[in-house]
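Input: structures, listed below.
Each of the next two complexes has chain A plus one more chain, namely chain B in the first and chain C in the second.
After this line comes the complex of A and B, so read on.
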């Protein structure tokens, strides 16, 4: 295992201390229970937007805390759900009196723990809504999931819900944005290599030197199929085709196209994939109105990529374009 | 070789087409000879700022073209210098009448070709200054370099020179910013793994499963030493110590600290390194006034990191904080 770490059991704490050292102008980190919150939280009268999940997917979610996106993020151990007390304390810390939205990726542990935290917060008088993202078209049911997995759409929903909350929309309205983005979003990913969870010390799965896995999950969960390595054009078609067919996206639709690196894939390859995706979308009459290209929801050092498309409307475009100031995503300010 | 590409010989063209598809609001791409220019170039009365070099280091340089940073970038083949005609055409395309600065990393091919392009541009009546970056303290002379290699400082110089040019400073003044940033900046990198140049098809060098290379160059050039893998704390000390001693950075100095990923290293590990770097700087009384953490000058899918420190003053801080709007670096707008 070759990693820039100290002890495997200290990775998340060391990373959080790095965030403290780097970004104390934007966020503060609470330890034990661990959560990252906006430096100015709670913002009075604004819906608080929270997410969380296992570490190892950076910059998601902790890198998206700040003005215009998340109010707090709860990092679990690597690839392990955070605990209800993290989510409860984060919920209390960001409650500005207008309620708190929990954005939850569809993994069994995350859902169970966020539900428990929501119940505890409600018992303390905080209004909580939860929206589950489940945009991965690769498989129905998976290693840690009943139903579809929540993946790339989560990043985009966090951005647009954060913007809606900044506009002082109500809890129901901010949750509606999340439901819409998830409902109109679809994703699929692929892996060229496995990744190694630090405390496991060996690759999560084996993938021969000439093979890839289509439809892989962000923790290395099995996908649709393993096959010999193909060209970027063929791989992009294998991801984009099922995504476009599933919603379905139709000629004339306007989309946000997100080409995401899994952590070990360089940017040059993501642009090669984006080029293929743009051709496929053009061929179907789907207009890419906005794009995001980079490694935003990762699986440690896994090589590979995922594609997410969200059907946009004027309101979503305005929410996407709104200013955001976080360590991992920033524009307009 | 596992990469998201089509044919090895088409990687750069496919990537550039991806940039066209993604960022035509910010940049335009000229093919044959290849260069990426600001969509609104030339900006009348503004110094044009240009850089270039082999591809495979993305987002550097093409991802840094836009308002507040580069006016143009010339991408060569992977790990191969661009040609003088690329640099000449880019120089002509961004000349707004106030002259053009060439920011050149210290590699023999880059220097030779940029010099030839500058001579040709001058013959056409364009004022050109060139500044060579040579911030890598790892080795004196290397595989493609006489003297020190130009690495991470280049990214930071491009940002600050771009801001100075936006203020309509003169060519000499913008070049002076570049000389200052390079003169007050030092870097060193390390590799956990090699990388594979697409048309070579096999790793540039071999590195056993339990070893790392300290002082590696961005094309995999040999570094200071190979040794067994150490902890992040020990690795960070091996990089930061020589950097701090070389300038030398002194107690009371204010610095911009840049922790860069080599392309295959996930963000979580870069924050672990940043945490160690912050402790080392604090221990020496060096104040980190600004930071940049992410993969900005890469070596394809190489795993590893580099550290760059630049001693800052009030002018450089203002130039760093000024708005920038490029595909790879954006804030304030």
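After this line comes the complex of A and C, so read on.
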């Protein structure tokens, strides 16, 4: 294992201290239990928006704390969901009296830990709503399984919910934005390499030089199928096809297109993928109204990408365009 | 001699040791069909639980088990944290102010704990989870009780049933937890949570071998 770390067990703490050193103007970091909150939290009369999950997906979620996006983020150990005491304390810290929205990615661990935290917060008199993101079309959806994973849509939902909360919309209205973005968003990812969890010390899976995994999530886990490496055009079609067919996105739809790097893929390749995606969307009459290209929801140093499309309407477009000022996403300010 | 409070403390310590010894193995199982963290998560939680034991060593068994459960909830994370945390908290809730456990007490505690796990995780038998090791273990205890087996004999049988349940997860296609994302590819691998649950019951049988 070759990594820029001190000790595997200190990675998350060292990172949080780095965030303190770098971004004290925007956020403050609370230790034990760990969470990152807006420097000016709680904002009176505003719905608090929090999220959380395992570490290793940076900049998500901690990098999205700030004006116009999250009020707090709870980082767990690498690839391990955070514990209820973290979400409880974060919820209390950002509650400005208008309630708190929990944006939860659909993973068994995240669901159960957030559920326990929401119960505890409600017992303390704080109004909490939780919305679960589950946009990964690579996973077969079924009532009898854990269902689809929450992936790329989460970043976009955090941005648009944060903007809705800044407008002082109610808890239910902010939660509705989250449900809408999730309901109208679909994603799929692929990996060119695995990644190494610091405390595991070796790659989570072996992927030969000339092979790739299609349908991976964001935890270095194997995907739905393994195949010979192909061109960016073919790979983009393999990801965009199932996404477009699933919702389905139709001719005339206006979308936000998000091409995300998994952590080890350079921007040059993401633009190659975006070029293919733009052609595919144009071919189907789907209009890309906005785009986001870069590594925002990562899987440590995994090489690969994911594509997310969200069907937009005027309200969502305004929420997307609204100012945001966080370490990881910043415009309009 | 029923299971004494000290024997309960010894069991928790022995399980923490067993997790430490099997940390890499559990993590390896979890890297095959999960996200390579089950051993590390459980190890972190039980090391934290060990530090809490001196503070409750003179309390009743219910308090000890609840303390372990609450510590697991706040230190393990992942799916394992709420699930093992709930298991211990419910076992504790079922043994209030007990200074020792009879076979019937242990069966009651285990049943409450397993019901808690099922309520929290909504897994059924055959979903390829820790429930597949725990449920047969409970059934074996009940059967042994009905056949008026000795306490140590019943514990042995429950550990064996858990082991069988754990091995039976190998061919299964996972329907809960991270492994379910793999669909058919999850078959052929032993479930990490069922493995740590078998260890829990095996450690109980070994630690309490002298009880009757």
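Everything below uses one rule, namely that the second predicted complex is superposed on the first by the 328 of 333 C-alpha atoms of A that agree within 3 Å, B and C clash if a C-alpha of one lies under 4 Å from a C-alpha of the other, contacts with A are read in each partner's own complex, and residues count from 1 in each chain.
What we mean here is this: a residue touches a chain if its C-beta (ideal position, glycine included) is under 8 Å from a C-beta of that chain, and two chains touch if they have at least 3 such contacts.
Nothing here was measured: the structure is a model prediction, and the numbers come from that model.
Looking at the shared chain after the overlay, A:229 reaches chain B, while chain C stays out of its contact range. If you count the residues of chain A touched by chain B and by chain C, you find the higher number for B. Legend: residue contacts after superposition of the two complexes on their common chain; A:326 is shown touching neither chain B nor chain C.
Contact with chain C, but none with chain B, is seen for A:116 once the two complexes are overlaid on the shared chain.
When the two complexes are overlaid on their common chain A, residue A:217 makes contact with chain C while staying clear of chain B. Residue contacts after overlaying the shared chain place A:133 against neither chain B nor chain C. When the two complexes are overlaid on their common chain A, residue A:91 makes contact with neither chain B nor chain C.
Contacts of A:301 after superposition: chain B is touched, whereas chain C is not reached. Chain A uses no single residue to touch chain B in one structure and chain C in the other. Note for the complex: chain C touches chain A at residues 27, 31, 34-37, 40-41, 44, 73-83, 120-121, 175-178, 180-183, 185.
Listing the residues of chain B that touch chain A in their complex gives 2-7, 11, 14-15, 17-19, 21-22, 55-56, 58-59, 63, 192-193, 209, 212, 229, 231-233, 235, 263-276, 278, 288, 291, 293, 295, 298, 300-301, 303-305, 325, 327-328, 330-333.
Put simply, chain A touches chain C in their complex at residues 33, 54, 76-85, 107-109, 112-113, 115-116, 138-140, 144-146, 149, 197, 199-200, 204-205, 217, 219-222, 224.
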